[in-house]
Amino acid sequence: MSIVLEIKGVNKTFGGLKALTDVNLKIEEGKTHAIIGPNGAGKSTLLNCCIGKLIPDSGSVTFNGQDMIGKQPYEINHAGMVRVFQTPEIFPELSLLENVVIPALAKRDGIFKFNPFKMLSNETEIHDQAMRALADVGLDKFHQKNAGSISRGDKRRLELAMGLIQNPTLLLLDEPTAGMARHDTNQTIDLLKKIKDRGMTKIIIEHDMHVVFSLADHISVLAQGCIIASGTPDEIRNNPKVKEAYLGETEDE
Amino acid sequence: MTDKNEFDTLSRRGFLKASVAAAAVGAAPMFFMNNANAYTNAPKGGTFTLGFNVPQTGAYADEGADELRAFKLAVKHINGEGDGGMMNTMKPIVLKGNGVLGKKAVFVTGDTQTKSDAARASAKRMIEKDGALMISGGSSSGVAIAVQGLCQEAGVIFMAGLTHSNDTTGKDKRRYGFRHFFNAKMTGSALGPVLKEEMGTDRVAYHLTSDYTWGWTQEESIKETTEGLGWKTKATVRTPVGAGDFSQYITPILNSGADTLILNHYGKDMVNSLTQSVQFGLRDKMVNGKQFEIIVPLYSRLMAQGAGDNLKGILGTTNWNWALKDAGSKAFVKSFGAEYGFPPSQAAHTCYVQTLLYANACEMAGTFDPSQVIRSLEGFKFDGMGNGETEYRAEDHQCLKDVLVVRGNQNPSNQFDLLEIVKEVPRSQVEYDPAIFGGKLGPYKV
Amino acid sequence: MDALLIQLLNGLDKGGAYALIALGLTLTFGTLGVVNFAHGALFMLGAFCSVLFKQVLTISKKVKDESITFFDAYKEQPYLEIWWGDTGAMIIDYAVPISIIMVIPVMLLIGVALERGLIKHFYKRTHAEQILVTFGLAIVLQEVIKMFFGANPIPMPAPDIVSGSAAIGAALGLSDNLVYPWWRLIYLVFAGVIIFSVFAFLRYTTFGMVVRAGMADRETVGLLGINIQKRFTIVFGLATVVAGIAGAMYTPILPPDYHMGMDFLVLSFVVVVVGGMGSLEGAVAAGFLLGMLQSFASLNEVKAIFPGIDQIIIYLVAVVILLVRPRGLMGREGVMEE
Amino acid sequence: MIKSILEKFSLEKNSSVMLVFAAVVLSAPIWLTPFGANYPDLLQKFAIFGIFAIGFNILFGLTGYLSFGHAVFLGVGSYTAVWVFKLFTMNVLPAVMLSVAIAAVFALLIGYISLRRSGIYFSILTLALAQMSYNLAYSVLTPITSGETGLQLSSEDPRYIDSLLGAGVQEGLPATNFFGMSMSGYSGFYFCAIFLILAFYISLKIFRSPYGLKLIAIKSNQKRMLYTGFNTRPYLLSAFVISGMFAGLAGGLMAATDPLAGAERMQWTASGEVVLMTILGGSGTLIGPLLGVGVIKYFENIFSALNETSLREIFNFLPDVVADFLVSITHVFVGEGWHLTLGILFMLVVIFLPGGIMQGVGIFTRYYKKKMTELKSERSVEKGKSQ
């Protein structure tokens, strides 16, 4: 198995606060890797360091052999790393279809393409691709609807479709089921399971242990900016350190 | 919107076809264009149309409103209504008070906004839509020159309103443009002797000049005059138009060693710079053993009201003032005052006179054809219009006449009595060779 | 040396005026999130409140000038002078400072009415719509003023005792040429007092604390269940009053006309943005910075090297500052960036 | 808002949209007659400012970037065109082409600087750069711009190409022409109208292209665009340059129909005017900006020209007392009061129709359609009953 993403010795401080301390992580190709940890453990900071939103104080982030630090978000996207946001980042004024068409265009056109005289209506291939992506998440029936008007759960699914249509090497999912009702959560788990066999590598940041244990091949536990454990779900489940730091509080859930 | 089946793209040919088809529909009005007339807007029926293009919005709106009042009065008098005003004093006059060539005068109005583009658009509307034979009015040289150029192209006579720049009848003069108002050059010539008398020949002048063409021509003309008297020029400082606060330009004067400040500002700029200069104590200063003096070469009573008491005792020139005692001025003030309840401004006066002169020239020419009317205006000598004997010089279409040197009234006897006449400088002293400014009038026929 | 000193003073004076007009604007920006293109018009309204006040004071007995026969011309004497003699004359002389007493309640009323009647409904609208509606309002206000007061500037002299210049140089043992108009010095002090009062009000009162919190994070304050609406009304009223008295006190320096608000509009926006959106400190700092730079750029020596620099300095500085500091001098992230 | 309009239009074929548009534009001299707005100068202004507003709308309507300095490109276009007339030829084609090119260079420069910031900071950067250009053009650049007076033709101009082609020296100033076709009067309008139709066609294409969709997406959520893999800067810059070129074209045409270029064309109020036109009509819609242009230019040219005499003519069919009363009320809003009317209109439109006039049109058509369907269904219900 080859390594897709390697995080080496990453440190990040905000003011006097140490958010990440010497974090090392290797993500294997094709695997679903979950990163868990209590609130404020540094999960989001770690994610932001991967996708170019934050620049770590030290350490390296290597993706497919390329150094990612200091790269622009769109360069990281085209390198094959795509993030699905925790609070839905969609285009609320546009239709669902257009929301998915845009990432599809990004995949095809690159970071910039000047084609003002090409008609959108002639983009059959993109159109079909977008409709398939919407169908994947079960939103194809409402493709003409305004993205701002759909439910929060649907927005999350729309975002997932926007990520999936780019067919990335690595998909970063930031709490994909946060704020969802149980029913929606289950649907999302099913959906993620379904796409598992496409061979896409995934990182999932999640609170919900049910989701983590149903999806992850490998779990890393982050607490106070440090990785305290890493291993298969079973190993993590039985790790006393993890239990103490984290699971103990949430087992009753 | 990506639903591909619902539409096809428009091919280039389809687009062309669409345009051609529509062009055919739209071509019809082309035939309304009238090429048969010998000249633009030849009057049909019993009336002829005058276009009064004045600032109705912006800083000069009050001046524009006063111009419009004068125009309305002039039209009344031409048509034989009212008391006739200057129709009774103008010499020679062929107007009979029954309109012009048997046709009644009517007018249209428009807003110049004191912007060249807006003024031209407004004048074009008058020419193209309302059929105006003559355009008049305006309160700035930029507008006058812009509209004058347009009128030359359109073949319509332009009787300029308030415009004081040398360029209007200098480098930008036009065959179809006529100016009754005086100019910066004449201001300089008229001020010269008075300045010599009142302030001597050993002074150091400091100019604050509005940074645009009118300001520059005035600065140049005044400088020429004062240096001719033996004065020195310490500095000529350009100030942005509409600066509002001029303090940063006034402070350096204090240390400059100059003893005379010349404000080449007009309108709001003049009011502000004068008010602020006085506040800085310039007029109380003694420099080189002499009392510091401020001069405002071009005065307007209407705008000067804004400067209030700061105006008192300050020298300048004006084209005309209502307090003049000649028969023409009295007749005009009488009918204007009776109509509106207050005296006319110099802007109103020049617009009134211009309208009458145009009407008279048409009557003299026996036609409204501008090429003939121009010939009868060129070199026309007249009197009884408030400025003494006057001549429309043929070479540059500038009226040559007496210039008033005035001073802010120290002790006004009523609310309109702001200017005190120091001297009526005779025409012979302000005349100049028209060749010095260059420019070409252009053809009679366009 | 004198030349530089006086230019320094002039820069401070200009800066005070800029800071004062920017202060109200940035209050509306920062707190209400409204781009108020009518702010200049409020400045103008304040000035005309003062004009109206003076006109009322100088209602005069008119003695017809018999020498004029064609129309009615009068020699006027205000009734106040007739009734109270020198006291009356003095009251008229002090019309501008006294008018503040009237300007404050009138402007407060106007501000509250505008906020309740119009601005309130535009908090949630886009900036473009706010611009259009407030610009429309500004035009309406100035046209109404034009209808009643005409287009020409109206003289509003300062009280006689402070109408001249203070001989600062002589007092300090420097050159006699170092003088500065009393009224401009008064305006500078006045601007300082108003700016200081607004800061103190926002810093040391509970009301101000909530407003500042609102400037930092509008939503949270709304969520706290505080009646933010009422406070917004008061803040807008406050901004209107600040603009109004700034305008009224400025009349001796700049004889007011109906268009003066528009003339100040662009400048005040540049000051606010250079200072940083929603930052009161920034607006004040930017006001003084721009005033100072403009004053020095207008020196003949500077203009000789860079012709026309005095005409563009403000804009040039604005461009440079915004390029070096993305959010102006003291702006915060996320304010007005959409 | 944008989307609904887009979809409304996509329902129809592009070619039919263009056909209708061209027919409406080219027949304007006929259907504007009852409004008194059918004279050449105003028609030309409608077309020219239409191009300006369409271009502005490509930037503001699509990307949401509010430029407060677009008039600079209008001014630059005009100056360029007049200089081409003075130096080379009175044929308008090279002048207009060069206007667009030079405006593009300016737009590239100003856009490159201004687009480093967003939101109100962008607006102020464009405003500041534009005001600098205006102030310089008005004063120290007078040798190039003729300052306040404006750049005009002169009989001493060299006109190298024309004199090379042996156009005889004539008395007076030559007129602008398009291979002999006069640029004043109605032919000037048709010349501008062809460009307006072309401009509308380009705008239509951009609105419906993937490129246009990306621009709308930038307005909707720029951050998301970055993470989706787009470098938004070149998109914004290209849109800025395109809209600058439209403004340059408008400026060139202004000079072509009336060979004068003044600095006040670049003042912030001129930039503000196009902003107001676009918002008033409905930004982000294809037709809206044109409606805004129509309303504002109509007010400026027709309302400002009404006076008591002309009002009396309008009301003279009424009894004298009523007419007097109406004249006394209405004359406040026309002539010198046209600004007041415009201000009130701005407020009313934006209060009741935040989407501009186009929203009003939308509400009306929806209401109309609803009524029609109600009518139909009623009829069918009645039919059902009668059977």
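Brief remarks on what is shown
Should a chain be cited, it is by its letter among A, B, C and D, assigned in written order, with residues numbered from 1 in that chain.
Here is the rule we use: a contact is a pair of C-beta atoms (placed from the backbone, for glycine too) under 8 Å apart; a residue touches a chain by one contact, two chains touch by 3 or more.
Since this is a predicted model, take the numbers as computed values, not measurements.
By number of C-beta pairs in contact, chains B-D lead all other pairings. Geometrically, the chain at the heart of the complex, using CA-atom means, is D.
Farthest from chain B in terms of Cα centroid separation is A.
Chain centres here are Cα means. That of chain B falls 34 Å from that of chain C.
Once the centre of each chain is set as its mean CA position, chain A and chain C turn out to be 52 Å apart.
Separating the CA-averaged centres of chain C and chain D is a span of 34 Å. The set of chain D residues touching two or more other chains comprises 3, 7, 10, 14, 135, 139, 208, 339.
Residue numbers of chain A whose C-beta contacts span two or more other chains: 95, 98, 101, 119-121, 123, 126. Residues of chain C found to touch two or more other chains are 311.
Of all residues in chain D, only 1-3, 7, 10, 14, 202, 205-206, 208-214, 216-217, 219-221, 223-231, 234-235, 238, 242 touch chain A in the complex they form.
Against chain D, the residues of chain A that register as touching in their complex are 51, 72-74, 77-78, 82-83, 85, 89-95, 98, 101-103, 105-107, 109-121, 123, 126, 144, 146, 162, 166. The touching residues of chain B, counted against chain C in their complex, run 58-62, 65, 211, 235, 237-238, 240, 242, 244-245, 247-249, 251-252, 254-255, 268, 271-272, 275-276, 279-281, 284, 302-303, 305-310, 333-334, 336-338, 340-343, 413-417.
Residue ranges of chain B in contact with chain D, taken from their complex: 1, 3, 6-11, 14-15, 18-19, 21-23, 25-30, 33, 56-57, 61, 64-65, 107-111, 115-118, 120-122, 124-125, 128-130, 140-142, 145-146, 149-150, 152-153, 167, 172, 175, 211-214, 238, 240-241, 440, 442-443, 446. Here chain C touches chain D in the complex through residues 35, 118, 121, 125-129, 131-133, 135-140, 143-144, 147, 266, 269-270, 273-274, 277, 307-308, 311-312, 314-316, 318-319, 322-323, 326-328, 336-338, going by the rule given at the top.
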